[in-house]
Structure formats: structure tokens, C-alpha cells
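Here it is, the structure, as C-alpha cells.
So that you can tell them apart, the chains are marked A, B, C, D, E, F and G in the order they are listed, and the count of residues begins at 1 in each.
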Amino acid sequence: MAGKNQIEHEGIVEQTEGDHVKVRILTQSACASCHAKGVCTAADLQEKIIDASSDRTYSAGDRVTLVGESRLGLQAAWWAYILPLILMLGTLIVTFSLTKDENLSGLLALAILVPYYLLIKIFNKKFLKTFSFTIKPSMD
Amino acid sequence: MTYFIIIISAIFVNNIVLSQFLGICPFLGVSKKISTGLGMTGAVTFVMVIATIVTYFIQKLILVPFGITFLQTISFILVIAALVQLVEIVLKKVSPPLYQALGVFLPLITTNCAILGVAIMTVNRDFNLLEAVVFSASSAIGFGLALVTFAGIREQLELVEIPKGMQGAPIALLVAGILAMAFMGFAGMV
Amino acid sequence: MLKTFKIGGVHPHEWKLSAEKQIEVLPLPKRVSVPVTQHIGAPAKPLVKKGDIVKTGQMIAASGGFVSANIHSPVSGKVFKVDQTVDASGYRKPAIIIDVDGDEWLDDIDRSDKLVKEITLSGEEIIKKIGEMGIVGMGGATFPSHVKLSPPPGKKCEILIINGVECEPYLTSDHRLMLEKSEELIVGIRILMKALNVNKAVIGIENNKPDAIKKLTELTSKEEGIDVQPLKVKYPQGGEKQLIDAITGRQVPSGKLPIEVGAVVQNVGTTVAVYEAVQKNKPLIERVVTVTGPAIAQPSNFLARIGTPIEQLIEAAGGLPQDTGKVIGGGPMMGKALTSLEVPITKGSSGLLVLPDEAAHRQPVKNCIRCSKCVSACPMGLEPYLLMIEAEKEMWDRAEEDRIMDCIECGSCSFTCPAHRPLLDYIRLGKGKVGQIIRSRQ
Amino acid sequence: MNQKLVISPSPHIHSGDSIPANMYGVIIALLPALATSVWLFGVGALIVTFTSVAACVFFEWIIQKYLLKVTPSITDGSAIVTGLLLAFNLPTNIPIGLIIIGAAVAIGIGKMSFGGLGNNPFNPALVGRVFLLISYPVQMTTWPTPFASRLQYIDAQTGATPLSVIKEGLSNGQTIPELMERIPSYLDLFLGKTGGSAGEMAALALLIGGVYLLWKRIITWHIPVSVIGSVVIFTGILHLANPSTFADPLFHILTGGIMLGAFFMATDYATSPMSNKGMLLYGAGIGIITVLIRCFGSYPEGVSFAILIMNGFTPLINRYMKPKRFGETIKTARVQTSK
Amino acid sequence: MSIVLITILTLAGLGALAAVILYLASQKFKVFEDPRIDQVEEVLPAANCGGCGFPGCRAFAEALVKADDISDLNCPVGGAEVMGKVAQILGKEVAKSEPKIAVVRCNGTCEHRPRLNQYEGAPSCAAASALYGGETGCSFGCYGLGDCVDACNFDAMYMDEKTGLPVVIEDNCVACGACVDACPKNIIELRKKGPKNRRIFVSCVNEEKGAVARKACSVACIGCGKCAKVCPFDAITIKNNLAYIDDEKCRLCRKCVAECPTNAIHELNFPVRKNKTAVKETATEEK
Amino acid sequence: MGKTESSLSNMALTLITITLLTGAALGYVYKLTEKPVAIAKEKKQQEAIRLVVPEFDNNPAQEMYLIPTSDGDSLKVFPAKKEGKKVGCAIESISHNGFGGDVKIMVGILPDGTIYNYQVLEHKETPGLGTKMTTWFKPSEEDNVSKASGNAFFNWLFGISNNSGGGNTSIVGVDPTKTKLEVSADGGDIDAITAATISSRAFLEAVRKAWYAYTEIVDTHSSATTKEKNSQEGGMQ
Amino acid sequence: MNQWSNFTKGFFKENPVFVMLLGMCPTLGVTSSAINGLGMGLATTFVLVMSNIVVALVKDFIPEKVRIPSFIVIIASFVTIVEMVMQAWLPALFEALGLFIPLIVVNCIVLGRAEAFASKNSVGSSIIDGLGMGLGFSLALTILGTTRELLGSGKAFGLPIFSESYGMLVFVLAPGAFIALGYLIALINKIRRAG
């Protein structure tokens, strides 16, 4: 059943390619969700282009709502932030307790992110499948 | 044991939101959805830890040796601002789908005062690197704890009729105040 | 320990005033009004027109779809008109109105009291017959029985449960039926067993009807595969899902039908009607109705023709008391408050409850104090306090997530709430809206 | 027919339960503890209780009438309960000014700012109490000695509570067995013959009240049992691990506010979880945090803080610990498909 | 080395590094926010009512700026005036939309429509409609429980205690349509505001046959068709025993008002008639 | 608008100019403030020393030396001399057992071992409670200087007894060999701050530490100048 | 917009703290006394005005794409200057404000004004804007500081008003900051709605 545990985000269709649609969305920083949006335009609004699949045809400029399971949000945060964080902490603790060399272990902890993100790059195809969105028209 | 104390202290006793007053804006402003709060916590922790490592080295290898610790503020803020963006750029390059998913689900993390504040606090406390990292990670978790608890309460308050004058910021601050009062019970636990 | 269902439930006072009263046959009314929707599903299509002469038992409206039921004339006489009349909820619905003239039955109906035990028809024929005779569930939901008795392909019924619980306060019609038509009931069960092709049937009866338990236990002791299961008194034990849980320990999953756990539930009234339809060729044209209430002079159980105006039943029970505040079709927990007494009884009317004015009003509504009593009371394990707020604030997504559609509208929540919150009112509203949303999604 | 029939959706009958019935039930259940308190502390207990109740009711009335502009609902008894419980959490020699401040905070900040009965996420009496504790620690931590000066109020003779004796002693390097000598017998603790806040010491009287609440179905067993159970288990483990720094479970549940907290304050409707599972988790949380604060924090007693902290988690618990839904058991779903 | 030099060097180094990254980021991510969005938002009423079909004024402003043709976009709150300003900012055309207003098409006051029952359920029209047809014999009429009043964000409606019917406050109503959606009985309609606020409409939605309707409510439309006959502009149609006046066609001649045997047709804000005999009870409850 | 266009060279140029300018400005301001900052820091310490020992004419900060304590801290000792004669010693001492964290004090001890005065340098105690230590352990005249006195009714309402602050609280002029520097609850001779026993204990612990350290030096190196020289490098920070 | 209303809007109508809820951390963190609040407010005002001036001056030379980094550098420099100056000549205040001085850098009001106002307006109006907003911020912090100090320890700007023993300690501590600000905002809302 759809409708459960979903998260929605407003966006505007940028272009369509077959059953794939590129949707432009605006993300806002945590600060921007406050009342000061108008005042505080500094670097906290970003546009992103999101690929989404659609069941019907949209044309550029349509206002749509992106729908995805909210579980995916946490999953994405896991891959993007939490797992590398754990890796980093792990490296730091291990190398630090082995070598007692701060500079080295610090460097290694940061360096471990490089192979990690490369690995992520390899798994990209998989993510593409997991993190998919559907869209529906906004507000009829 | 010192690590344990650092952790307990940063999460409960000296919670950065409820007793240090850092990151209040996202705390008050961030969406009332609990899952968003959780995701935010992950992101903030990650950025905070990286920022701590980098600023730690800047302090140790540049500022202190050259006797220019007065450049702390300006260099930290530049580095942190750059780092946050760098993380985004890397994510976008490395994994567009992941990046997109985060865009839909999480508000962006920018250089809020929690990150800068924690970075400054760490270097001012004469921690070694590991302690610094543990401290910043725990601070971020403390932030998350406060954020998620608060999101829960706010979600519940959405369901009842709050007196008109108290709606919005006042009631949120009141809840934060009572939470802070409750968290004072942990005093002395370290 | 006596069996009962596992989650929630409440204990309203029983008030079974008419438990000792034999079923009386109500005199024929002068005019009957037979609505064409007396069941869940599509309305039946009228077959008669103004001025037609009809006989008792003659089909006057034919099933209007797969889930629908035939309707037969409960009296003999002349069709006065086929028109809209006010129904119990104040909306106008089509009905066939017949002026009664004598009581001339169709010839092929066996009106004798003789018990016909032998079942000659095959399973399929039985179901067909039940469909023809317009039998619908008489436990309240009025779901056409022939549909219920034909499990969807791939599903097999393992147990037939006969619902003799009658957990609603005040009502006694099923109780009397079990006492007075026990033999017929047993044959009815046999017929249903044959139709469903099962060899196990259990009659569930709450412990507050010891005479019925005793009598049926005696009768079934000789019967292979039919048992009587006494149950602890707890509302809403009569709810299909609760009863299945109490008797088999299985719980029907959310959004699924009882057949999912291999059970079919039929009410005792329905079962007796099935007996009469199959063995005696008698369509569903009359039913037992309890007329009761604290101020009713003679609380009684009447055998009344469908279409009889409610006024007449109340008259027969001693008339409407001076300070009547509310007249309820059905029991106090699930029944509907009636807007007028001119409306007729239908296939689903199990009772009429007349409440005095002082008992008819609700208390002022207070803030929810989050006492969680409604949560503990809900037999479906829902959170009524939350569902109400979600419905009130139109948070349909969350209401759906919190399973508002699972609510069986038993009213246990509103019944317990110390803040007198109209929980079920809003939940019902929410169910309507969420139901629409779900349907539009498909 | 001339009469207007009443139309309303089902159900048409009601259990007769009401908010006042529950609140007055709690008040009745608190009477034994009040009596014990008067027996121990005399007039002080009466003055504190009376002032607190009167102030709470007064503030509720005035806020509803003049600030919120709604019809006052002081007759529902909830302000009385708040007043009683606030008083029970105060020493019986506490000055009147503080009681009034406490009541104003409890009702004004803790309850009415959120819209009144049922809306408040935190236990009002405890908000008042913790506010006072933090603001006026001196006055809040001097307790009169039982029986010593029953006719005096402010100038009563003061002494320490068993928990502060333990806390003090431990920080001075004494061990539990040594300290136990300075503590009244467990029987005395059970009867309440010890120092402490007005209504918290009398374990027996509180237990009687608790049983009354359970019998009247005002509360369910889940919260009290899980609070007391988790305290027993947690302190039991600590005690077994190191008997010289950690007192035994019995001591812990007989002293301080565990009984009062478990039966009367953790069970507060508005601030406790709605599902049974949730209640168990919540109670366990209270028990564990209490023991943590008692054994590792700097406050000798932690029940109030523990309850407030768990109040903060209640919405999360409600969100994620749903009651057991009908039909969730997987076993049932499988049965028929196999055949 | 002098501290000033070190400072300059360090800062320049860090600054350059950070600046490069920030520059890259801004190149990749920075949103170009059309400044006109802000300007448009400024002139919008900031009611965030959603009447325009967008989640808020800001979203509407964005849509306005993006749209090529804004003629089918309308801010009901600000009306033509605001849309004119918007068009000015954007240099686009606006459709001249005629102002509309909500009208309540039920006149079943307590006195015209005797109450037969007394409702005591949840005070919500939607909840009541799920249960039954209403306290009176008319199952089309207003419940008087005020879902529409609750739905209105502009304090443009109130419940008249005496009549038990909702009343639209003309000056406040912005024709957002929230009440129309809220009413489970489809009683409220957005109609042309009319010149000098004058308008004529059938204040009834009862589709019952005449006799039945009449019995339930003395001012019900009985579908007799007299009004349709008398209307010189063919503005009135009868469907399901109910007359309906098309506000596009109606020229406010008031002939139908006089003709209606049950006073079901209301005229608003017209001067008092001179012809005494034709004067019927005019609806005055809308002020 | 006449904005500079975003070409790479332009941007690099702008940024570099900005950082150069700000760098120069900051360096300049730093130069300007360097001295005052140092002075301010020094003054604070000077002030503290001045407050806790009798008048002196040397520069105690310059003659500062470190002595280790049994629990691993090292205390800074600032000898105060007048005309070459020792008039007292200011010792910076610390306790780690405060209510909110470390308590850092400066204690002045006279050559005869009595305590001359003290000053609280750093602490994280609760305002209004532990913070009272800044005045509590001084003679009572110094205590209530800045307080508006309450009126009798309010004192009653808030339960404030008029004789608070009395009792045995002062450590000024006390000879620790005769007076036990512990809170009375622990069998000592000093009354703790009401409801802040923990802070009081921490404070007294710091005082005791300083005093033991002091007596030890006096005992072992009563006139040891070598020690002073050795620890020179630990000087100003 | 005329200059006067441009100047005064920050005091009440668009007060950055009470109305726009900006810069909450310093607001809550430093207001345990009135004087700290005022000090913080003035420090922020200084940074605001100075960075507004500089931004307004250089706005035409800064390419669009490096706007934000440039602004950050400019603001951070002024913060550093404030830091050093305070440390030199107001060491007590410097210590009391502690961490929150460097945090002026991330105060949304500062960057926000630079972005939204100074980068589009003349030097003169930018000064007025910065001064107005800064003084509004100072006003709010002073009000909150005074409230907390008075309730918490019976003093206002360090002057004893009533006996310290009557004070409610909570207001000096973290919880009191939230509670006091909450009720102040409620009060201001009420006044705004009425007026």
C-alpha cells in the first residue's frame, strides 16, 4: 500500500526523457527553515536536479511532488555520512592506539574517506535502484 | 575512562544545545519530522568530526607554531565553510543518486554555530586528537538527542490546541527550557 | 479460564430485560414499507410497480449485482407505490410500499412447524437457494450470505463459527432464538457446514446465557463436529474478528477477510433463516426483534415482518414512554439513533432500544487527558485518541498509517473515555475520507 | 410525534467514567500518605499541603479566567492533584513564598502555557518542584526531622534524608555498611519514619494508595511495576558488583521518591506513554535514570529528574511503540494458506 | 618573520584554498533566484491561504514568475488589484477575472424548517453527514454545525445563532473557496459578486419533489419552474426539481424573485422595491 | 549594475586582494593589541597576588616557581618580598572536585603559615551557590557589601534567616595547624556554604593543597634559591 | 524606504531576536546578566556596521561567484578585531562572553544583512541598516539579560534591586534562558498583535 511513511518534496520539472524526468528542487539549510529565509539568503539555498521515474507524462515547467519512502532518507544518510564516520573513527582509534602519532592517524582517518567514496562510486548503480523517486502532480 | 567521561559529559551533562546554547537555530527551526532529525544528526556528526580533525591540525600545525592563534576564528570559519561545500561536491561527484536522495530528505548542513563552536571548544580544551574527535562526535550526538526528543514533543504539540499567544517559538523555547531543567539532573555525573 | 479475545474490550452493564420473554408473533401491520437496500452492496431492483398485487414471500426486488440480495414481499396485498421514503438516517431512499391485505403466502413455502432434518440439496444448490431467498447476515452487517458462503478461489474454510454471542447490552433476540429454535439452529448449522464443506462448527455463546449454553450443549452432544463454546462476557465479543480470535486463537490480519484464517462466521438468526430458506423454502421476510429500554412497559421479543413500522413494535411493547429521548435501531453500542418512528424494520434490525431523555444526552466534551483508557479498550489495538485528532486535523496520511481502516466501529473507545470525547464520531469520518483516498489510489 | 428525538452516533451509552472521578480517586489514594506525613511532621505538613493545593487551584482559576479566557475547570480536580503532589515533593518546613512560586510555575509554566489539562508534555508538579530545587536549593534540601518538632513549621529541627546521608558519606570515603548504621531500620523506612519531603517517605501509605488506584482502574500496573522493577534490578546488579559503594535494592525502593514517583507521578496520564509496551519502556527508563543519578550524579535523589526526562521521551515512545495491533501475529496468517 | 607577514601569508593561503572550494561550490550549486520572485512576493498578500492552488504565497510567486501566461493564475485574496501589480512587475497580461464571493444556498432557518430531531454528535457537518440527513425533514439542507466557518481563514463567516445558518461577511470574503470544499452538502457556491454587490440566487439545494420539499421547509425550491419561465435571459434551469440561476447569464432583472411561490430566490443589496405588492421577504441576513 | 564580471582572474584577484588587505589589517591590529592583551593578562594575575599577600615590592611573577603535589598537579608559587624579605607567598592551587568542574584559586600564605587571604580565579560552580565561595570564606564584613538587604516579611516568605553568613566560615588569618580546614560535616572547623558542601569541600581542598605544598617547601628548602632558578622556564605564559 | 524607518525597524517591527528569531545562540548564551547582553549586542553591532560599510564599499568590485567567501572573510576579520580589542581592554567582558564572540561570524543577522542589504545599497543606508539592526539586537539582548538578572539574582546591571536570596536561580542558568526568552517573545507577539 502506498502512502505510508512517505516524504514529499516540491519541485519543478526541468526536462523529460522517456519515463525519466529531471526535476529541479530547492533544498534549504536547517537555518533556512526558520523565519528568516528572506533575510538570510546566504549560501543556504541550493538547487538540485533529481532524476525520477514517472508513470505519466509531464512537460517542463510542471509543478510536481517527489515521493519517496522516508526510510530511504535515513538510508542515504547512512551511506553518505554515518558509515564513513564510523570508518573514520575506527581508523583514528586503531592507528592512534597503535602508533600514538597524531598527525599520522589524523591523516589516515581523513584519507580513509578517499577509498570509501571511490567504493561508493562503484556501487553507484545499486544506489540508483535503491534511491528512486516517483513523482506525482502537485495540488490539482 | 576519560573517553567515557567525555562522552557522557558532552551528550548529557553539557549537552551543546540544552546547556551550551549552540546550534539553537536548527534546533528550533528544523522540521518537526523525527526521521529528518535523525538524518540531520548523522550529517552533522560527520561534518563535525571532519571539521574537528582539520581545525585541530590547523591549530596545531599552523596557528600555534607561528604564534597567530588570533587567526583562529577567521581560519576556522573559512575551513569549515569550505569543508561543508567540499563534502557536498564530493558526494555529488561520487554518487549522484545518494546526493539526490539526501537533497530530498535532509535539509542542507551549513556552517552553523554548533560546528564552529565545537571546533573552537575542542582546541581550547587541550584535548589530544582522539579526545577531540570523541568530544565532537559526542557533542553532535548530544545535539541529535536534543533534536529528536524535541521533534517528538513538537510533533505531539501539533496535535493539541496551544494557547494562541504561546504558539510557535514561545512554546518551543518553553519546552527546551523544561528539557534543559530535566537534563540538569545529570549534573555531576562525570 | 473461559476463552475470550486477547486485545481490549469493555464491560458495559448488561440490561438484558427481555431475556425471559418468549418470542411473540407481531400482528400484521396495515402497510409495510420495504426499502430496496437492506443489505451491504448494490440496491436491489424493484420488480413490481404501483398497483401490483403481491403475495407473501413473492420476490419484489431482484439482486442488483454480485454483492446484493433479493427482496421478497413480507405481506400480501397491493403495491401502494414504489418511491422514496425516509430511511432510518433521515435520508430518502427508494422503497416498495405495500398495503396489506390478508396474509396469502406463496404456495411452495412450508409454513408448518415440523422440523425437517434431512438435507437434500447439494452444497452449491444450498448457496444458490440462500441467494434466492435473500438471506443476509442478521448479526448487523447484513452482508449477503450467499456471497459470504462462497469463499474466493484458493481459500478454504476450515471452521464455521456460529455467532450466538449477542454481546450488546439489552438485546436478546439471538438468545431467545437459540432457546426456542435450537433444533432448527442445529439443522441450519448442518446446512451451512454442507455448503461450506467443513466438518467443524462451533457455536460461541457468552457465559451470561447459561440456559442457551445448556440447551445447545445437550443437543450438540449427539452431533458430530458441532460444539458449543462458552465465552467470558466481554464486549465486543460478537465482532467477527474478536469471535474468531476467542474461539480459534487466530487473528484475521489487517484488511483481510475471516476466510484468510479459514473461518466463516454466521449469526444464529442467519442460521435459522438459512434453515427456513433451504428446508422450508421460506425467504427472509420476518425476523426476531427485541423491543426494550429502561422505561419500556413490556420489554419483548417479537417476530415481525420486514417493513413493519417501528411505531407498531413499540406500541406492542407498551408504547413510547413519556420522556423518551432517543430511539435506537440495534443495541446501545452499535445501533443507530433513529430520526423518526415511521421508518420500517429491515432485515438487519435486531432490536429497538428506547432510552429515556436523561440517558439520551451526551456529556460535555473535554480535552483528551491522554489517559490511554481508549487504547486499552480498543479491541483492534488502535489508538482512538490519536485517530480522532488525525481525523479532526485532516491528517489522512497519518490516520491511514495508524490503521484507521481497521476500526470495527465497536464504540468501546467512546464508551470508556472519561473526557467524553466523541472518538468514534471522528474516526468514522476519518474512515470515510481515508477509504475514499485509498480507493482513488487504486 | 411531537418530541424531538436525540440523534447521535453510536455508542449511546457511556461507562460513567469521568475526569473528576479519576482525579478524586487519586486524591483519595493520596490521603494515607498525607495522614502519615501529618503524623510525622505535624502542622508543617498541613500548612505546606494546604498552601500548595490552594495556590495551584487559584493559579489555574485565574489563568483560565483572565489569560486564556475560558471557563475555569478547577472542579475537575486536576489542579488539586497537582497541588497535592507538589506539596508531597517539598520539605514540610519550606517557606510559603516558595510554595506559591512552585505552584505558579507548576500550573503556569508546566500546564497552562500548553493549554491546560492533557496538553502538557511534562509533569506539572515536577516542573514546579525541579524549578524550586534548582532555584532554591538551600530551602529545598533542608528536611525536618520526623517527630522532632511537630508543632513548628519554619523553624523545625532539621536532619538529613537517608539518601543524602549515603551520598555525603560516600563522597567522604565511607562505605555502605558503615553508613547503614546511621540509617533507620527498613521497617521504619517502610512506615516512613525518616526525613524527607512531605509525602514521599511513607512507602506503606503510598503502597496502599497505589493499590487503591489499581483497584479503581485509575492506573494500570505497567508503569509502577516497571519503575520499581528496574530500580530493583539495576541496583541489585550494582550492589552485587560492589556492596561497599552501592546500597541494596530494598534500601533504594524504600527511600526517596520511588514509591510516590512510581505510583502517582510517573503514571500521570498526560505525560506518560499510551501503549502498554511504551509504558514498560518508560518505567524502565525512569528506574534506570533514577539509579544513575542517585549512584553517579551529584544529586542524592533523581526520581523527579528521571520522570521529567522520560516525559521528554514520551512522544517518541508513543510514535514508535504502538500498541499491539489486532492481527499482527504472523502465526495466524499462515495457518490457512498451508492447506 | 614579522607577525604581519605571517598573518598575511597564512590568511592568503587559507583564504585562497577556501575560496576556491567555495567558488567551485557556488558554481555548482548556487541557485539563481529570480529577483522578481521577491518583488512579486512582496505584493502578494502573504495570507498563505492556498486559494491560488499553490502551497503558499512564495510558491505562487515562483510560479507566476516562471509561467509564460499568467492569465489563468489568480490570487483570490488580492484579487484583480494585486494581479494587476504582479502583471506590471512581470510585464505580462492578466485575465480580468470578475470578483466572486461565497453564497450560502440554504435558507432553512429554524423557523422555516422545523427541527424534528436534536443532534448531539461531534459538532462537525462532515461527521453528521456520515450519520444522518439532518435535524429536519430536509436532507439537503444545512446542518448548521459550521464546518464552513471553521474552514474560512479570513473570518469571513460566522454562524448566526438565531437562524442556525452560516453567514458570509461580504467585506471579508476573498472567494478562496475553502468553505465550498468544506461543506458536505455542497450548499456554498462561489458566485459573481455582482455590480454594487447585487446578486440573485436560488437559496436552496433541495432536489426533493415539490410537496416533500415544501413539507420539510417552507422556503424550499419546489422546482415549479415559474422562475425559469419568467426569466427573459434564459438564465434559469430546472434540474432534479431544483432551479439554478446561471450567474453568467443573469442580468439581475429580479423578475424571478417576485415569481417564486416559496421565496426561495434571494436578491441581495438591491434597493427596496417601489411596487409594494411585489415586495416579498428579501433576504437581509447577509449584511 | 557595474559589477565586476565573474572571470577566473577577476575572482582570484578579488579574493587575494581581500585576504591581503584583511591579513594586513589583522596583523596590524594584533600588533596594536598584543601589548595590552599581555598587560591585561598579567594584571589579572598581579591583581590576584596583590590581593592575597601583604604589600610587596618585588615581581612575584618573575620569581614564580612550580612545586609538585602528591596528586600529580604542580602548583605555581609566587613569593612576595618586601625589601628582599619574604612577606608571604601566593600559591595558585586547584581542586578537581568542584560541583561543576575544576576550582582554581590563589591563596596567600604568610611566612608563619597562617592564611592571609584568597582569591577565586576560575570555577564552574553554580551561580548563587558554589559561586558564593568568592566571598564566603572571607570575614563576614566583606560578605554582604553589595547585597540589598531584604525586608523581614520577604525574608520570612523565602525562608531566609537573618543570621545567615555567620558561623565559622572565614579562613582568613587562620592557622591550618590549629584549625582543621575541612567542612564541619566532615569533622572540620569550617562551615560549608549552605547547600554547596561540594563546592566548599573543593575549595578547602585547594587551600589545603596549597598549604601542604607551602609547608613542605618551607620545611625542605626553607631558603632554597636553586629551586627557584630551576623552575624559571615555567615562567609567564 | 525612508532612512528613519530603515533605522528603527530593527527595534521592534523586525527585531532580529523577538520577531525574526535570528542569532538565538548568543541571545540565549550570554544573557545571564544585562551587561553581558549589552556587551554582546554592541560587539555584534560593531561587526554589523563595519562589515556593512565594507561590503557596501566593495560590492561593485566583487564578482558574483566569490561574493559569499569574500563576505565571510570580511566579517571574520571584524570579528577577530573585536576579539582582540576586547581581550585587550575589556578582559572581564571578553571572558564572560567567551565562545560567543567568535560565533558572531556565523550569526545570521550579520551575513544576512551583508547579503540582503549592504550588497545592494549605498554605504550610507548600509550603515543605518547595520546600526538599526545591531541596536535592535542589543536592545533585545539587554532586555533579556535584565529580565534574567533581575529574576535570577535580584539585580539589574549589577545593581542590587532586591536581596539576591530571593532570586530564582533557574533564570541565571540555561533553562531560565529558554523560559525567559519564550515568555518575552509571547509578550512581544501579544503587543504586536494588539498594536
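The definition used in the following text is that a residue touches a chain if its C-beta (ideal position, glycine included) is under 8 Å from a C-beta of that chain, and two chains touch if they have at least 3 such contacts.
These are the chains along with the protein names UniProt gives them: A = Positive regulator of sigma(E), RseC/MucC; B = Ion-translocating oxidoreductase complex subunit A; C = Ion-translocating oxidoreductase complex subunit C; D = Ion-translocating oxidoreductase complex subunit D; E = Ion-translocating oxidoreductase complex subunit B; F = Ion-translocating oxidoreductase complex subunit G; G = Ion-translocating oxidoreductase complex subunit E.
Source: prediction; values computed, not measured.
Engineer: Quick one: which chains contact chain D and chain G both?
Structural biologist: Expected: B, E, F.
Engineer: Any idea whether D-F or C-E has more C-beta pairs in contact?
Structural biologist: Most C-beta pairs in contact, of the two: C-E.
Engineer: Distance-wise, how many Å sit between the C-alpha centres of chain D and chain E, to the nearest whole number?
Structural biologist: Using C-alpha averages as centres, the distance is 52 Å.
Engineer: When the C-alpha atoms of chain F and chain G are each averaged to a single point, how far apart are the two points in Å?
Structural biologist: It comes to 31 Å between the two C-alpha centres.
Engineer: Using mean CA coordinates as chain centres, what's the gap between chain A and chain D in Å?
Structural biologist: Whole-Å distance between the two chain centres: 45.
Engineer: Specify, in ascending order, the residues of chain E that touch 2 or more different other chains.
Structural biologist: 3, 6-7, 10-11, 15, 18-19, 22-23, 26, 29-30, 116-117, 120-122, 127, 130-132, in rising order.
Engineer: What parts of chain B, by residue number, touch at least two of the other chains?
Structural biologist: Counting only residues that touch two or more other chains, chain B contributes 25, 28-29, 68, 70-71, 74, 78, 81, 88, 112, 160, 166, 170-171, 174, 178, 181, 184, 187-188.
Engineer: At which residue positions does chain D touch at least two other chains?
Structural biologist: Residue numbers touching two or more other chains: 5-9, 109, 115, 118-119, 131, 134, 136-137, 298.
Engineer: For chain D, which residues count as touching chain F in their complex?
Structural biologist: For this pair, the touching residues of chain D are 93-98, 136-139, 141-142, 154, 168, 171-172, 298.
Engineer: Please output the residues of chain G touching chain B within their complex, sorted ascending.
Structural biologist: Touching chain B: residues 21-22, 24-26, 28-29, 69, 72-73, 76-77, 79-80, 83-84, 99, 102-103, 105-108, 170, 173-179, 181-183, 185-186, 189-190 of chain G.
Engineer: Within the complex, which stretch of chain G touches chain D?
Structural biologist: It is residues 167-171, 173, 175, 179 of chain G that touch chain D.
Engineer: What residues of chain E sit close enough to touch chain G in their complex?
Structural biologist: Result: residues 11, 15, 18-19, 22-23, 26-27, 30 of chain E touch chain G.
Engineer: Which residues of chain D touch chain G in the complex?
Structural biologist: 101, 109, 131, 134-137
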